[in-house]
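In the two complexes that follow, chain A is the common piece, with chain B as its partner first and chain C second.
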Partner chain A sequence: MNAKIADRIATAVFVLIALLLVFILVGLVGYLMWRGLPHISWHFLTSPPAFSEAGGGIGPQLFNSIYVLFLTMLLTVPIGVGGGIFLAEYAGDGWLTRFLRSAIEVLSSLPSIVVGLFGLLVFVQYTGWGYTILGGALALMLFNLPLMVRTSEEAIRSVPRDQKEASLALGVSHWRTITSVLLPSALPGIVTGAILTAGRAFGEAAALMFTAGMSSSRVDFTDWNPFSPLSPLNPMRSGETLAVNIWKVSSEGLVPDAREIAAGASALLVIVVLVFNLLARFLSRWLYKKMTASSS
Partner chain B sequence: MAELKEARDAARYHIAPEGKTVLNVRRLNLFYGKKQALFGVDLDVYKGEVLALIGPSGCGKSTFLRTLNRLNDLIDGVRIEGEVLWHGENIYGEGQDLIEIRKRIGMVFQRPNPFPLSIYDNIAYGPRIHGIKDRKRLDEIVERSLTQAALWDEVKDRLHASALGLSGGQQQRLVIARVLAVEPEIVLMDEPTSALDPISTSRIEELIGMLKKRYTIVIVTHNMQQAARISDRTAFFLNGYLIEVAPTPVLFQTPQKKETEDYITGRFG
Partner chain C sequence: MSLPATRSPELKTNPSHMKFEKLRGTFGYSLTILSVFIILLAVISIYIFVFSKGLSTFFVDKLHLWDFLSGTEWNPTRSEEAGGPVFGVFAFIYGSFVVTFLAAAIAAPIGIGSAIFMTEIAPKWGRKLLQPVVELLVGIPSVVYGFTGLTLLVPFIREHIGGLGFSLLAGVIVLSIMILPTITSISVDTLLTVSPEIKAGSYALGATRWQTIWRLIMRASAPGFVTAVIFGMARAFGEALAVQMVIGNSKRMPTSLLDPGSTITSVITMNMGNTVPGTLENNVLWSLALILLLMSTVFIFAVRLIGQRGRLMS
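And then the complex of A and B:
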């Protein structure tokens, strides 16, 4: 077979693979939208689920998902970026670093259900909190930390070495060099890591079933004091998220419109993740411009 | 001729006129892990001179330059023996202020490396971090540094545009201005023109001629003509040894060592 034909075949194969990927994505998202969109309405988004009759919504679940995500990111991003800075800038090449790296690798390959069961033991039973949003966020933090650490480390390492040397050679300390040269340049990469993390957190069910619980406690959306037991912001209440709700409704739902609710919630989940992606990308570009362009 | 002989003796035996040296390197050995890269280098840098370091690739000239502001500290496994005396104090001694050393012994790199900031912020970066907050003083520093680096007229109308929009030669002058903004005493240059076109190169060379009135300059160069054009003294490195150092015309016209002669006549390297 001559080189030209081989080249053509290879090109055709790669184009086919690319088309297949696009087809799967479009097909999947299209199907979800086709099934779910007709069911999404303002009423569906804001009202609580019904017990046995049709017409219930997913309002509290949607709120819980966003709240769990918020708490998770609040915990994951600072610790993850800190870990990334440590590995990229301070950890040498000793046995401790190698041990740390393999620990992170093992942690990142743990199945989420195992993380969920660990969360059940520690954040639910050992602490005596019961099912709480905070416990769910902590479990998700464990689940997402390795990814966040690794993407931050890579983002910092990918900043050209001469930028760092230029700053150090001006008599700027290592720490100030990190905060004023390395982190701004690494920011787009770090935000990408945070998006990946957030997407995983938003769609995660297994790690949350046994930590944040499978029921949403009664909440009063007019009470925003985080210490009041009925407040939606109280992190010590149980809070079923959207992804957990999809699993519950489709496996043991009693309402007659369980399938429609699951379809609507799935479509919503995909839309929120997409919107979140776009927003974060926009934010990253905006932040990069703001931190690197002129100061006045 | 007597003057020439005196200058040569001074260079060879490290006799500088009283109080005229700023750096004295003594018996400097440098190791990358087990591999030794510099062998017992003794070299003085005189106040207000341009000292060129020449030699073939891998001869240790850049490594040597980076020991003068302790930039080799960053590399894992580097070990240094001997002394680098800066006004009589060993910069590798205990309790030395690395920040002060690097502020006063600045460095310009091979590739222009402006930060992805505006022209103004690039220059103001060092002074700001070293505690100057006053806008007026910063403005003055920026104008003075850019003027000294012969860049002010070209950029004064777009100080707040990104530095990455400048040409390579302009970027290199910007980087020099950034170093001048923290008021160094010595400026180290590591092949500052090797990534530039001939016109930009000659502008940088002119600039070096102007800067030596106020600063001491140690420059590594690949280009022997460049060393001949711009430097007062030249040091020739080979395989980690300092072979010979002499006033530039002396070194190029009457080298004392065979290795130097072979190199400058183009027999190797």
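And then the complex of A and C:
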């Protein structure tokens, strides 16, 4: 039976390919943990980088990453959800909507370095700000908006029609139906989208190296007034993030332990991405359960 | 149950309340319009800015388009006696296309194969196992891929295959792993749309699983697979840091896969921070960015075209 033998061989090949995929992930994560975990310590996570000797940390970069992420999400979530509401509830079928959808598609597939270059031109040079954390957050916002818009639109669209119609039939206005019926039901989907967006933003480097800069300005971690120039919260200072730091120390690192720093930072980045992924999974499941239980 | 004889006074429509609700509605609508406007403004201005900067190399600095695209010599610091600086970017364009196509050639069979495994061979546990694997691979940041390439792949190539290790080959392998999850997840989406009746019909006629996959499922999903590979190529073409870290950044034309080279993105990454805005060398980098932008637009429209043809066929 020739066909049966061919079928067996094909099945074996597909199993091998699937195993290869698993092996790539396990190998990659395993390698990063093996290289990086031994270097992660409290000292490494909190102390400032050294200039020429070994033993420096990634404290400011870690803080900058979290701060850039926070500002990015602060901008991305409202605008993204707003865009999602527009596309799911208000947009018609005209040429303007089609143009808008194409624009979002184009933006979502732009290479991140192009977004970074645009940020360099607009948020760094034209505004005269120089390299700033705010500029980085704005560039990341542009980069992440399409994903946020798409997930919000899908989440709103997946709310059963009956719920919306019941609300409208009760005489509730369209906008109030959106805010008190559609958005709460769509929340699990929106939260998942936001966390996945955050994971992407946390690891992004190409869009940030020319906007938030490749150096961390001197900061004073006792000064929390956002308007003070030395404050870590000042959004108008340059702020190298963790991902940019990995690139910088790997390609032009001057310290003797550059490889170890990059390894530790890479492991940390992967751990954060893993946590975000798990969080998205569990939080959306938990929210979904909570929503459906309370509405029945 | 009997209905109340008279409506309770609270249910009566209150005109001022209605007016307030209407105002809220208009306000909310305007907010969503504003969000959409910001997105449109961003996309349009990205195109305008990159075009105007990228074209100034040819209109302001009067560089010949053909010399720029086909030249293989890149020397921004060549002395005036030798003819002044030259900017030929053919080696970088060539590098970008070579690594993109080879990465797609490696990743396409593995990605499509994994997708078939997830949907046809082991639809239950196979998907449960591989779905998270694919999602995690997507989530790993590109600098981490670059770091792994730099510390694992480059030494491996240097010791076991030859050359410096920093090479087109290293770039190809790193990119193929990076685009693998993209190709896999879009292929899975395509395969899930193949109707179960067709499959059941094929099995009922006595076809083996492989015959069903090869003759029906693969054919029905072909446009989707092409879309998946194009998305993967778009990602590979635009990837900057991971490639820059392993490819060697040589400005010369590579003659073998083991030679170091450059891509459009790696040259921009290396030089954009070190050049002064407005100078010819800086404008040339913007022209390279323009090529990137155009290519990413071409990829999008290719996907659209395939989508429309697929719809016509079915």
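Quick note on the criterion: the second predicted complex is superposed on the first by the 253 of 296 C-alpha atoms of A that agree within 3 Å, B and C clash if a C-alpha of one lies under 4 Å from a C-alpha of the other, contacts with A are read in each partner's own complex, and residues count from 1 in each chain.
Following the convention adopted for this analysis, a residue touches a chain if its C-beta (ideal position, glycine included) is under 8 Å from a C-beta of that chain, and two chains touch if they have at least 3 such contacts.
Given the structure is predicted, the values throughout are model-derived calculations rather than measurements.
Peer 1: Contact-wise, after the overlay, does A:Arg35 reach chain B, chain C, both or neither (first, second, both, neither)?
Peer 2: second
Peer 1: Can A:Ser185 be said to touch chain B (first), chain C (second), both, or neither?
Peer 2: A:Ser185 contacts chain B only, not chain C.
Peer 1: Counting touched residues of chain A, say whether chain B or chain C comes out ahead.
Peer 2: Touched residues of chain A are more numerous for C.
Peer 1: Is A:Phe14 contacted by the first partner chain B, the second partner chain C, both or neither?
Peer 2: second
Peer 1: Using the touch definition from the top, say if A:Ser173 reaches chain B (first), chain C (second), both or neither.
Peer 2: both
Peer 1: Which partner does A:Gly94 contact after superposing on A: first (chain B), second (chain C), both, neither?
Peer 2: A:Gly94 contacts neither chain B nor chain C.
Peer 1: Check whether A:Gly128 is in contact with chain B, with chain C, with both or with neither, and answer first, second, both or neither.
Peer 2: neither
Peer 1: Return the residues of chain A at which the contacts from chain B and from chain C coincide.
Peer 2: 171, 173, 176
Peer 1: Residues of chain C touching chain A in their complex?
Peer 2: 13, 21-22, 24-25, 27-29, 31-36, 38-40, 42-46, 49-50, 53, 109-110, 113-114, 116-118, 120-122, 126, 129-130, 132-137, 139-144, 146-148, 150-152, 177, 180, 184, 208-211, 213-214, 231, 234, 237-241, 244-245, 265, 268-269, 272-273, 277, 286, 289, 292-293, 296-297, 299-300
Peer 1: For chain A, which residues are in contact with chain C within the complex?
Peer 2: My answer: residues 3-4, 6-7, 9-11, 13-15, 17-18, 20-22, 24-25, 28-29, 31-32, 35, 78-83, 85-87, 89-90, 99-100, 102-107, 109-115, 117-118, 120-122, 125, 142, 145-146, 149, 171, 173-176, 178-179, 196, 199-200, 202-206, 209-210, 214, 243-244, 246-247, 250-251, 259, 262-263, 266, 269-270, 273-274, 276-277.
Peer 1: Can you tell me which positions in chain A touch chain B when the two form their complex?
Peer 2: 92-93, 160, 162-163, 165-173, 176, 180-181, 184-185, 292-296
Peer 1: Show me the residue ranges of chain B that touch chain A in the complex, using the header's touch definition.
Peer 2: 69, 71, 74, 76, 98-104, 106-107, 109, 111, 113, 115-118, 120-121, 125-126, 129-130, 159-162, 175, 178-179, 182
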